[in-house]
């Protein structure tokens, strides 16, 4: 069962989320976190890493536009996060398509204890060393296989995994939950995944059960998106993005219903 | 004659456009490409350059917020693009005003075969070594001169040139087409030129005739802007930007009409 | 008395504002400056620093996402700005929370003559070496203390200071003005402070009396925000941001009234 009360707790606590961000979507992520009730910090300088980690309630590391310099920062920040017991969410952008990125993610996962990995099917399969494309798995079908991929990834790295897509699969390697996204508009707007990862981090800052935090984050964003999409008369991706941030600020726990959840 | 059917081809093929981006406008460019039906990639790390070029259908190099490190990346990416026969679009931001940038652009054009250069009158004149300001050419008048400038630039660099402004001049050095932009709102929103350059790249990914790809790209963006502007009751630059991305997703070939084209 | 006629002067002169920007909010800042009637430049490469300063009417240095490389650029740009007599506005983001940033700001203020510092209560108190948190000052109350903090900072650095919040306190160390912000929506949108700093820089480019320029900038932004907020039926942070940029383009001097100003 989802603990939607976590949304109210998040708003009460206003946790600081330190993002090593993707520069393409950073403004949307900051505004989305802020609207939801968290407090975003973006920092790029390793010399302030320890202070930023101390201030933060959770850390989100996004590989979206990585550079050698940023990878170094990711390692330093990740180690401070482990030292200060701040949960780390990893968004392994494009590790399925780019071998260099897969190596970067593997090195990070070797060096740092990660609370949650959030990626799409191709990314999670790559981290689990499962040949996703060769198996011809379509994110729209074969849900059973997606669950297996997510579980394999979670078991390999001893963390929670969110394999997101039309249906988000959330697992700690044993338990599995699924959240059905009610709108395809998330795919039409660049950065929906980045926003989800940072929102997941925000929930880990207010709840020690990361499996529960992950489910709640997925449900809150999916339901908010569905509420917004239901008001649009056409598939307007930029209007959807504006309305989504508005609604993240306004949405109430009582509105987040009618979402199919399979445990 | 414009090949507007290219828009449908682009949407069918969903080409990947690899952008070395301007960090000011990168989110709008990514969302604009995505809305149109292309697939944007932004990468800043030279170690993944070869993979990114292999994945991409075209490359757009934007000088907007260049750094020494990024200039190195531009050369590496450009050379891989030539090696793998992926068309390169160059956006020479501010080369007319900043001598350092003109030298950077000249070095890139010396080292790399570029398919299309897209800039404003001052930028294209600078690359063509024509004293644009001294001649007192106003982008609003003297269209004849703008055509000569664009042709000189195209002939000098053996590529297509788009000199954009209230009227976009497109030339391969011999043939010339013009697209009249129906709204001044493009000037009120920062990054309209960056978006055009990346949309041009997207069309080069689906059509080998770059002169034709350039015309279609200019026409699609101009017509979409005009359709959006015609619905606004005041000159609202931020609403225009949101509506433009929405409309890039929704616009149909049959709507793109009533635009004066002079061949 | 505010010189609101400066807004018309700014629009006539279209001053170039060179921003060393925070990458989180850079697109909004560029669009806000552009909408208001200024001309934004963002540059990250030190080799073009002198040209950019020469082109600019004012410089805004924002510490929001500083790196060692960017700090070097800030020093070079700041020294050229002093040499060419272009006013410098400093936005000391997070110097109250991060000791490393306070040291960076102190070194900049030691090396460069700054026209105006714009920060929130915690940032201005940190620069003035006043223990803001220990004194338990709440930005919502204790206005008298905020005035003293702003004056102490201005006197220490021999410049104007804007301590912004629900009420903006503007001082040159002797004279004090206050602008009451009519809407809390500025706090719900990330980057309102960054935008204010850059708008302040735009006004210093058209008026040598920086105390007057600072007041006018604060009033124009506060009043525009209030006009926008009064049209919203709910606290929609993203819609507010879009409408704010629209309104910065459309707002007339005659509309900017009914704002309480205490001199």
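Letters A, B and C mark the chains in the order given here, with residues in each chain numbered from 1 onward.
As a convention for this text, a contact is a pair of C-beta atoms (placed from the backbone, for glycine too) under 8 Å apart; a residue touches a chain by one contact, two chains touch by 3 or more.
Worth saying up front: this structure is predicted, and the values here are computed from it rather than measured.
Visitor: If each chain is a node and each touching pair an edge, is that a line, ring, star, complete or other?
Guide: complete
Visitor: Over half of interface residue numbers shared between chain A and chain B means same, under half means different, so which is it?
Guide: The interface is built from different residue numbers on each side, given that under half of them are used by both copies.
Visitor: By how many degrees does chain A turn when fitted onto chain C using C-alpha atoms, rounded in steps of 5?
Guide: 120
Visitor: What's the distance between the Cα centroids of chain A and chain B, rounded to whole Å?
Guide: Result: the chain centres lie 33 Å from each other.
Visitor: Which residues does chain B have that touch at least 2 chains other than itself?
Guide: Expected reply: 23, 26-27, 241-242.
Visitor: Show which residues of chain A lie in contact with chain B when the two form their complex.
Guide: 23-28, 64-68, 94, 97-101, 188-191, 234-239, 241-242
Visitor: Going by the contact rule at the top, pick out the chain A residues touching chain C in the complex.
Guide: So the residues of chain A in touch with chain C come to 21, 23, 26-27, 30-31, 34-35, 40-45, 47-48, 51-52, 55, 241-246, 249-250.
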